[in-house]
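Naming follows writing order (A, B and C), and every chain is counted from residue 1.
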Amino acid sequence: MGLPLHEIACLVDGRLCGATDLEITGAATIATARSGEITLADSTKLAPQLLRSQAAAVIVPEGFEPAGIPFITVSDVHEAFAKVVRHFRPQMQHRHIGVSHAANISLSARIAPDVEVDPGANIGDHVEIGAGCVIHSGVCILDGCRIGEGVTIFPNAVLYENTLVGNRVIIHAGAVIGAYGFGYSLAGDRHKLGAQLGYVEIEDDVEVGACTAIDRGTYGPTLIGQGTKIDNHVQIAHNCRIGKHNLICAHVGIAGSATTGDYVVIAGQVGIRDHTHIGERAALGAQCGVMNDIAAGQRVLGSPAIEEKEEYRILAAMFKLPDMRKKLIDLERKLAALTGSEVQHSKDAA
Amino acid sequence: MGLPLHEIACLVDGRLCGATDLEITGAATIATARSGEITLADSTKLAPQLLRSQAAAVIVPEGFEPAGIPFITVSDVHEAFAKVVRHFRPQMQHRHIGVSHAANISLSARIAPDVEVDPGANIGDHVEIGAGCVIHSGVCILDGCRIGEGVTIFPNAVLYENTLVGNRVIIHAGAVIGAYGFGYSLAGDRHKLGAQLGYVEIEDDVEVGACTAIDRGTYGPTLIGQGTKIDNHVQIAHNCRIGKHNLICAHVGIAGSATTGDYVVIAGQVGIRDHTHIGERAALGAQCGVMNDIAAGQRVLGSPAIEEKEEYRILAAMFKLPDMRKKLIDLERKLAALTGSEVQHSKDAA
Amino acid sequence: MGLPLHEIACLVDGRLCGATDLEITGAATIATARSGEITLADSTKLAPQLLRSQAAAVIVPEGFEPAGIPFITVSDVHEAFAKVVRHFRPQMQHRHIGVSHAANISLSARIAPDVEVDPGANIGDHVEIGAGCVIHSGVCILDGCRIGEGVTIFPNAVLYENTLVGNRVIIHAGAVIGAYGFGYSLAGDRHKLGAQLGYVEIEDDVEVGACTAIDRGTYGPTLIGQGTKIDNHVQIAHNCRIGKHNLICAHVGIAGSATTGDYVVIAGQVGIRDHTHIGERAALGAQCGVMNDIAAGQRVLGSPAIEEKEEYRILAAMFKLPDMRKKLIDLERKLAALTGSEVQHSKDAA
């Protein structure tokens, strides 16, 4: 399985500098590479880590010439390294089996000829599935869903009735699309569930993370715009309309009827209040709590979320707060001494 | 599929004002309605949005007479609009199939005659399921569970052994009821798992959201009180006793042995410390972190959570903090000038 | 089913003080015990709760002699009480069925002879499963996974391809191991998914909570160290390396390539930035947001997370902030009066 370094340089179409006949036994990241293995460093910032690494060689971009280790220069470090990883750890090809006899498929479902449906998948009445889709084991697609072409749905994901899914969408394991919206009104002393007549619509090229939940709209769609990527454990509530090409990180919660423009970036554990609008290309910092509309391009932080720069100024002052408190007491005393008056309530105040 | 406006007014038993013969082609919310479609506006606050909407007509409550658009006045806007939505987008009736031969059901399970069990559902030994229940595909109900009447369990939800479920409960897809409590003690240098002899008890009319986890008690029940509604991704730890008619929003985490009174409202992403008690009708604001008991009726915010009013006062002051810091330095200098002394450590202090 | 108190004392090998012939009808925790039932109190702190309890008797540790209630003294309260609970509520023994014919198992999978695979479980090509494992219904184990001995995987958990699992690991229902990492780069105006050539490696004696997601590494492993216990709804992103014997509570989110030392404790809803390192035996307080490396043994709180003691000092000052603001205005006025000058912008500043 070993490969001389010059053959790796050849494989990735790179320029080799250093021991050409060195036998390379594997490929691993800097933090995990053992002696004999090749690694990658996509930035000169990694030079110190590289020095501490046991790696035998490294793949680097143009302009990075690390000392003390043979290196291969390429134009796209990640593409090149992926090739090397695939050489040493060939990806097992998933055996395509067509539509399994051990899947439970309604007679009224319409499934394109080349679709793969794995054992234990469940497909309801009048479901439509386009060409090239892969439906893994344990997936449940309820009545009336329509799925485009080239879609992959990983095991045990659930699509409630009438969900619409575009082309080339990826839905990860355990995701739940189209459950009831959490919309209640008090009827006497009981919480009464609102109408659940809507559905979820997912446009082309969206990725939905593992265990992520997107609730159906009240009367119409909850919409996920084209190209938007959603991480694991995200909650998108009823009637939300998410723009195109958003990035939504893990544990984000977006409450009912909130909307976002295109290219919005939402970091981990952010909460967004219901009915707010996030303008295009806005960036919401990790754990922030959005209580009001956010303008296009704005960067916010904190809970409640405010302009990033303002939050930094407040944080800087906050770290000085215990000192400010002391200074204030001190000033009060000095001023009192000056005017000959008593300092009152100073124990209460600070 | 089109319908003249006067027939819609008739359908919803409303009073029409405006173009009676106008052909309506669909029903959609204000934000998504296209020309030719009817929409709803349940409050006069929506008048500006209505003006910008392309909707051809609107359903409104008594006393709201919007300008420039035909409207139908009704007593319950949402009930009326739901009827119209159902007219234009008839709900597919789920084909009832009884107990599927493709479900895996223990011979010792006792299932009432009219229950629906979909293909791929798994039901363990000595499980009891009451009349009118619907058990979707991929649901796993482990040994000894007892389920009341009229319960719906959506696909791929899991009930660990001995879970008790009342009547008319709804459990959404991917929910996990009765997993082990996260109770560890150090035994030497290893974490040793505590007893897992308890179970989960869910009373009547509870709703459990998608991907929500409720852990079993150590020796007895983790209890969810009657009528309580739980959103998606919620964590309720071992031994918790949740009161009746609570509303618990998405991503809330309630640590072990915490308890709540009746009618508590917990907003999104709130965390509650173990062994704390939340009094009845308390309201916990989004993202707050509850470290101590909360009195009945109290409204809290922030992390650590404090009285809402006090938190607002602190936040108001905090937004002024950078200015306060400047003022403090300024005062210090003026006072120093007055007394002729040096300002010391001012760089450190502020 | 009743049992005289002296027989319970005998069952738990304890010393009885009080009414020996009292008939005990059940066992329950202090908060839920009804008359006739025995309870436990593992600390003298519970004396007040015990006084309010309806319990008929109590199991206590050496040195705790509660008043007004018969008690049994034992060396390990929890072990003793577990025995009593098991007497009154015998645990149903799960009927072992071997490898179910209703499971979907690839012909190339290698499964040790005494493994249990429940109906509806799905096992892919070239999967290896060691002796004594229990694979519940609805579990999906994709191609190339290797599972050690004595592992339990609860219903509907999903292992993506090539996941490595050590011995005695417990994986709870709905957990998702090995989904794609959330690593994107902009290619023109589209988000392009990075390489997904890695996998997840879980060492011996790890517990993974319900609905928890651990993403695969980019080129190599995402690693969970031996003996680490992970609660429900946790997100561990691509390339993370979690140390040994960590405790990671519910809703924690750990971003890409972060690492932790051994015996780290992470409380609920904590967020950890990508590429940060948490030193061994560090403790991260609930809801904190870690933006930088944390030293070994450090205790941090807050968002952004800082030293626990410093955070307490800041919080103490913050609660005084509204008063500080008033004092500051007051001082300003007094000083102005003293110098005869005008107070400027005081409305803006405070």
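Observations, loosely collected:
The criterion applied here is as follows: a contact is a pair of C-beta atoms (placed from the backbone, for glycine too) under 8 Å apart; a residue touches a chain by one contact, two chains touch by 3 or more.
This one's a predicted model, so the numbers in the text were calculated from it and none came from an experiment.
In a homomeric contact, the two copies may use the same or different surfaces; for chain A and chain B, under half of the interface residue numbers are shared, pointing to different surfaces. Summary of the copy comparison: rotating chain B onto chain C for the best CA superposition needs 120 degrees, to the nearest 5.
Rounded to whole angstrom units, the spacing between the C-alpha centres of chain A and chain B is 23.
Counting partner chains per residue, chain A has residues 120, 138, 156, 174, 211, 233, 251, 269, 287, 303, 318, 321, 324, 328, 331, 335, 338 touching two or more of them.
Residues 27-29, 31-32, 40, 78, 81-82, 85-86, 89, 91-92, 94-95, 100, 102, 118-120, 136-138, 154-156, 170, 172-174, 205, 207, 209-211, 227, 229, 231-233, 245, 247, 249-251, 268-269, 286-287, 303, 315, 318-319, 321-322, 324-325, 328, 331-332, 335, 338-339, 348-350 of chain C are the ones touching chain B in the complex.
The part of chain B that touches chain C in the complex is made up of residues 104, 120, 122, 125-126, 138, 140, 142-144, 156, 158, 160-162, 174, 176, 179-180, 182, 184, 189-191, 193-195, 197, 211, 213, 215, 217-221, 233, 235, 237, 239, 241, 251, 253, 255, 257, 259, 269, 271, 273, 287, 289, 303-304, 306, 313-314, 316-318, 320-321, 323-324, 326-328, 331, 334-335, 338.
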